[in-house]
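Each structure below appears as structure tokens.
Each of the two complexes below includes chain A, the first together with chain B, the second together with chain C.
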Partner chain A sequence: MLRYLGRRASYSLISIIGLVTLVFFLTRLTGDPSALYLPLDASADARAQFARLNGLDQPAIVQFFTYLGNLAQLDFGQSLRQNRSAMEVALEAFPETLKLAFLAIALATSLAIVVGSLAAARPGSLFDRIASLVSLAGASAPDFWIAIVGILLFAVGFGLLPTSGTGSAAHWVLPIFVLTLRPFGLLVQVVRGTMLSALSAAYIKTARAKGMPRREIIFGHALRNSLLPIVTVAGDLATGLVNGAVVVESIFGWPGIGKLMIDSIIQRDFAVVQSTILVTAVAIFLLNIAIDLLYAFLDPRIRY
Partner chain B sequence: MSRIDDAGMPAPLLRVEGLTVDFLSDGDPVRAVDDVSFHVARGETLVILGESGSGKSVSTSTLMGLVDCPPGHIVSGRCLFDGQELARLDEDKRRALNGRRIAMIFQDPLASLNPVYTVGRQIEEVYRSHGEGDGDLRSRILDLMRRVGIPEPEQRIDHYPHQFSGGQRQRIMIAIAIALKPDILIADEPTTALDVSVQAQILDLLRDLQRETGMALIMITHDLEVAASMADRIIVMTGGKVVEAGPARDVFETPQHAYTRKLIAALPHGDAADAGHKRSRERANAVLLKVEGLGKDYVLSSGAFAGKSVFKAVEDVGFHLCKGETLGIVGESGSGKSSVARMLMRLNEPTSGKAIFAGQNIFDLKGKDLMAFRRRVQMVFQDPYGSMNPRMSVHSIISEPWQIHGDILPRARWRDRVVELLDLVGLKAEHEGRYIHQFSGGQRQRIAIARALASEPELIICDEAVSALDVSIQAQVIDLLADLRNRLGLSYIFITHDLPIVRHFADRILVMKQGRIVEENETTALFAAPIHDYTRTLLNAVPLPKWQTSKKIG
Partner chain C sequence: MTGITLRLITAGLLAAASASYAMAQDATAIRIVLPEQPANLEPCGTIITNVGQILAQNVVEPLTVIDAATGQPRPKLATEWSQVDPQTWRLKLRDGVTFQDGEPFNAAAVAFSIERMTGGKLNCNNMAKFGDAKLTVTALDDLTVEIKSDRPEPILPTLLSVVMVVSPKTPADKAVNDPVGTGPFRLKTFNTQTVELVSFDKYWGDKPKVTAATYVWRAESSIRAAMIETGEADLTPSIAIQDASNPETDFSYLNSETTAIRIDAAQPPLDDLRIRKALNLAIDWDGLAQLFGDDIKRASQMVVPGINGHDDALSPWTYDAAEAKKLVEEAKAAGVPVETEITLIGRNGIYPNGSEAMEAMVAMWQDAGLNVKLTMLDVADWLRYLQKPYPENRGANMLQMMHDNNKGDAAFTIPIFYRSTGNYATVNDPALDKQVDEALAATGDDRTAKFKALFAKVRTDVVSDIPMFHMIGYTRVGKRLDWKPDITTNSEIPLANIGIKS
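What follows is the complex of A and B.
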């Protein structure tokens, strides 16, 4: 077990180093920050001084090793725009994303389990057909469109909800709804499929021959065995949300890591871009370990 | 107890009359069970004998409400159990009966146990579902596990199904079934998935439990020997209908219906049939294959703190095979017999040893030589459902070897040759364009044989090639193989767990146990005088008819 965790950690370290390298050079392809941060008519001297101050006059490869050296000392660089530690900026935004992601995934998974199980319990019934239709629509609707229509309808039209920003509980409604829809749709389909095959398994016959109540058979035996694929898909979707729901956060002006990432790319705030990616990469690594541990907990046949 | 007949018995506990069940598929309803009647009394064993698709499982599943409606539909008939009509029970009444008064065990004990719960919990559920969750449940469960023969139940109670052997899993299933001392136990092919020696133990356990509790036992099987060893009375089913019913001995000794006679004739009868055997008529003394010191180790993935451990699947196996000879390799699951086959086919690489085939060591072959070798040795697998691509027509399946080995046959002659091969294995030319799912198990295995013959091999390795087939079909496929051998001069390595099957087919038999050869002899000699204890166990594991055993007792 410990050895497994150690192995996973070392693999992840390698991929994180690869990711950091890639991001470092890619951000430098976006252009020269001095073009954004200095007035348009700034002199060549002023530009050179700006570059020197921020270490941008060095060759890229030298900058890279300086960056790596600093990383090792947990110095993640300064934000050009906010003039404070880039990591501080990233860590400030990240909880906002986490709250959103956690709520959306929890809501989507629990709703999908109930709806999917009930649909699978009576395949072909009216409920099943409605559930299939709704989930298909949810899984295929583009979230930016739903978000904009939602704003138009509920914020601009009826004036029930705020258009964007944070503050009150009402600010949560639209972003959560939009973020829940797609995972919910996908998960209903997964739950329904795995529950259908679980319900036709031989051990369900055994449970019926034992005289167990139907509810216990569905939720105790069939659902318990269906959890593994559900966890796989839900984990995958959660990874996507932790990554920052870039589009949804931007539309709703949500101060999360996705919006921060986009903003700092546009503003060529290199240190912040690098920090946001480092934070999400570590978070995804931890999330994946948690999912693996959950597997072992759910299925006694899986041991690391 | 001598002969049991209706007149001498008390009122039956369960009486099924004219049961008819349809299955609604997309098109017309299919009649799975057609006007079936039977009855069973306390302490009595009724065997329902039939081959796959005969409706034997459906008729008993109906009793427990395990047939889903839809697609199942009870058209007519009555199932009276102790005054209650079983076919039309509401869910609560059904639950009160299932597990408490009628219990069932199934064919595949691994699939029938929930993999994610401990066996203790799964036994406990029976008590809890019937309001007996109070008191010292754990000690009741331990007693039960002890009774069905699980060693060290104190530790085992918290283990998961995958940590038990096949026989033990079936014991756990039996424990679940008998927990509340049911009046009727329905056993649906309870030993089909188990090794012969384990089968005998499970049958003994069922007999003992029946004697103790006086429960009625309904046993469903396709295995005539199992049927004979358990039954007081037998009904024989085919095509959803009962074709024969009566006391076991009468049915076996003087079968009335043509189908029953055919079934019983297919049974390999010990000495009587020795004369009409299907062994090779002429055997050359030229050695085709010589295997020496063959071994296969598997390194088991180690746990966190455990060291590396090596599992010897095959150890120091050596034998030879002459041209035109049939060599039987017999052993139970895990004996290494299939590993040997797979290594000889170069599907798995051996850890040690060599195998000289026509002057070349098989394990040294590479590239072109290996391709040439593959042409000369073919395999027929156990599962004719899984070993052929369902999206390929029979024509493409059989002609595939010619596509791979370009030099066998020019494309212009493929059609004719496919038809020829189909004819050779007893199928028709018009089957060429069909797909695998349109054939029965026996027909599929014939197609597999035709595919093996397509590359004109010298040696065919049959790995449990008839084990998945019904008894009457098994005999036909063996006849076909024997006929082909005599006509084409083939050699066979025939791998099976079923000793009686090879008796009239193999010239020599190797008995394998735990990766080693424990006995090797000419077939007649091996059956007449088995030397090794294990061979004797295998031979004795074939169950004796009940009327013979009970005569011995008293």
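What follows is the complex of A and C.
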């Protein structure tokens, strides 16, 4: 196991170094930040001074080696926009995204397992049809539309929830609802499909013949054997959410890393772009390790 | 598992239903929702909208302020000023002023703030409005300073409106996020979600009715408007026209922005005066105005009313499609290559309905017999065409732009656009340069008259641009506040001017 973890870590390190290099040069290709940071009527002298003060007057390769040297000393650079450490900016935003992502994926997976399993237990029933309809609608509806309609209905119309922001438990309801809907829809389809195959397997027929209770057959035996594809899809969806829920973060004013990343790209805040990508890359690496370990836990035949 | 989940959801909804999301706070504390998070709170960046709307006149104050109605400088931290000679001004400073950190406000603090801004040790956005004059500040006594410049500066008191005076304890060589000034409010918190200001007890002036202000930010205009409607916030600037639907809370105001098309007058066929006039005449201005709402004001020059040099009597070009076609035909007959493709360079998101306006104008110019094609660019690419040096081989082109001058004087507009050395200029006329320099050196009524003459000349004889509209902003103000936006709202929201209805 330890050897496996070491191997995965070294592969990931190589990927992260490659990613950091790629991101460094790609961000430089987007152009000169002084065009965006200084007012339109700033003089050429002011632009030259801006470039000098921020080390942007050096050739890209010189800037890259300076960046690597600083990286080795855990200096991730200064945010041009916020006048403070870029890594501090990224690490401040990341937990906000992580909390949203964790809650949304946990809720979506739990609900999808229950709904998908019950739908698969009675294929063609009214419950199955409603579950399919709701899950398809959830998987297809655009986030921003659900978010705006949710605000108009529950905040402006009924006054039950705040429009946006953070601070109380109620502030979580709409963002979590919007973020949960799509993973829920997709996972219900996956759970239903895998459970349908599992429930028609010979060992399930044997269990039924032996008179085992229906609940134990579905949730104790069939579900356990269907979990691997569910974990794979849920893991993939979680990875997407850890990268940042840009639409939800923008509409609800949630200070997460997705919105930060997009804003930094648009504003050419190079150090923050690099730091946010580094943070999410490490998080995704850790998430993938956790998913691999979960495979081994769920299926004793898998050993590393 | 289902039971637990359902119980959790029910509990959450019940908790939400029992809560009230209208603000439960001190009646004199207000909440303002801005369109954008301020990137930083550096006082030298108050010309940036979201920094200025929080800091200017609230936390930090300048030496002078510009009167929104007259465009003239009025006293703030400087109480009076006089010009000793063309290059020297003497300022008397306000007595009894203290910085929020307890430091005294005096001549040394003013010298420090000017040196910090102009010294080149930090990125200072406000320098773009200040110009590049080299200043020497001398303290004559504790409350008198003499400012010498390396060239005549007839409008130095106006320029000083962008110098935010900061505590001498502020680092001189790096930008800060914890500004300390002399304003009626001091900064309490600044994080990724809010900025909080609270009243400064030792403020030199009248005590504002507002005692605390919390700033939050939401990009979506509809969300910001909804926050005022539900009582989650009290004020939001810059909402979209379609969200300004409640006459009780939504105010339109002439902001300081003017939209226009700049013509590259050096490139054929745009180097022909008849073609440039035809471009102005070919537009159905009343039809185009419908894109921007009923309150929009047609522009004849690049500064808004209230700015020194604006000429109310100067009439805008009117729509005359037949005359436009005739001028194009005349130019063609005289050998002007009118069939040459002219690229109209637009900027994505420059203002609401900006791309729709460009499409409509292209169609109208094509009807007049001109070969105009539209290219929409993002800001960074668009900037290459806005500022000198312009791209080589750019060909015949026109540029969509919006110019903001809320600094009281046409000096912040005319030399940039119309002097041959101007950063945005496309004309190169020594006679016009001379006229610009004379206007810039003039003072008082003579200065105003010279600026007006320049705008008239540009409108009728030079025609290097197509002024479109003086733009309108929309602001939603909660019912408990007594406040209306004006031309300065895009750059500052002084909390001291906000009343609270009892």
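One rule holds for everything that comes next: the second predicted complex is superposed on the first by the 301 of 304 C-alpha atoms of A that agree within 3 Å, B and C clash if a C-alpha of one lies under 4 Å from a C-alpha of the other, contacts with A are read in each partner's own complex, and residues count from 1 in each chain.
Here is the rule we use: a residue touches a chain if its C-beta (ideal position, glycine included) is under 8 Å from a C-beta of that chain, and two chains touch if they have at least 3 such contacts.
Since this is a predicted model, take the numbers as computed values, not measurements.
Model built by superposing both complexes on chain A: chain B and chain C fit together without a clash. In the superposition on chain A, A:Ile151 makes contact with chain C only, while chain B stays out of contact range.
Judged by the touch definition given at the top, the superposed model places A:Met212 against chain B, while chain C stays out of reach. When the two structures are aligned on the shared chain, A:Arg224 is found in touch with chain B, with no touch to chain C. By the touch criterion defined above, A:Ser110 reaches chain C but does not reach chain B. When the two structures are aligned on the shared chain, A:Ser10 is found in touch with neither chain B nor chain C.
Using the contact criterion defined above for the overlaid structures, shared-chain residue A:Glu92 touches chain C, although it does not reach chain B.
In the superposition on chain A, A:Pro255 makes contact with chain C only, not with chain B.
More residues of chain A lie in touch with C than with the remaining chain of the pair chain B and chain C. Closest C-alpha contact of chain B with chain C, superposed model: 22 Å.
Within the complex, the chain A residues that touch chain C are 30-32, 35-43, 45-46, 49-50, 53-54, 81-84, 92-93, 107, 110-111, 113-114, 148, 151-152, 155-156, 159-166, 168-170, 172-173, 250-251, 253, 255, 263, 267-268. Taken in their complex, chain A has these residues touching chain B: 1-4, 201-203, 205-214, 216, 221, 224-225, 298-301, 303-304. Of all residues in chain B, only 64-66, 91, 94-100, 103-104, 106, 108, 111-117, 125-126, 129-130, 160, 162, 173, 176-177, 303-304 touch chain A in the complex they form. Against chain A, the residues of chain C that register as touching in their complex are 1-2, 5, 12-13, 15-17, 19, 21, 37, 39-40, 42, 47-48, 120, 122-123, 125, 127-129, 132, 174-177, 192-193, 216-220, 222-223, 226-227, 229-230, 232, 379-380, 383, 386-387, 412, 416, 423-424.
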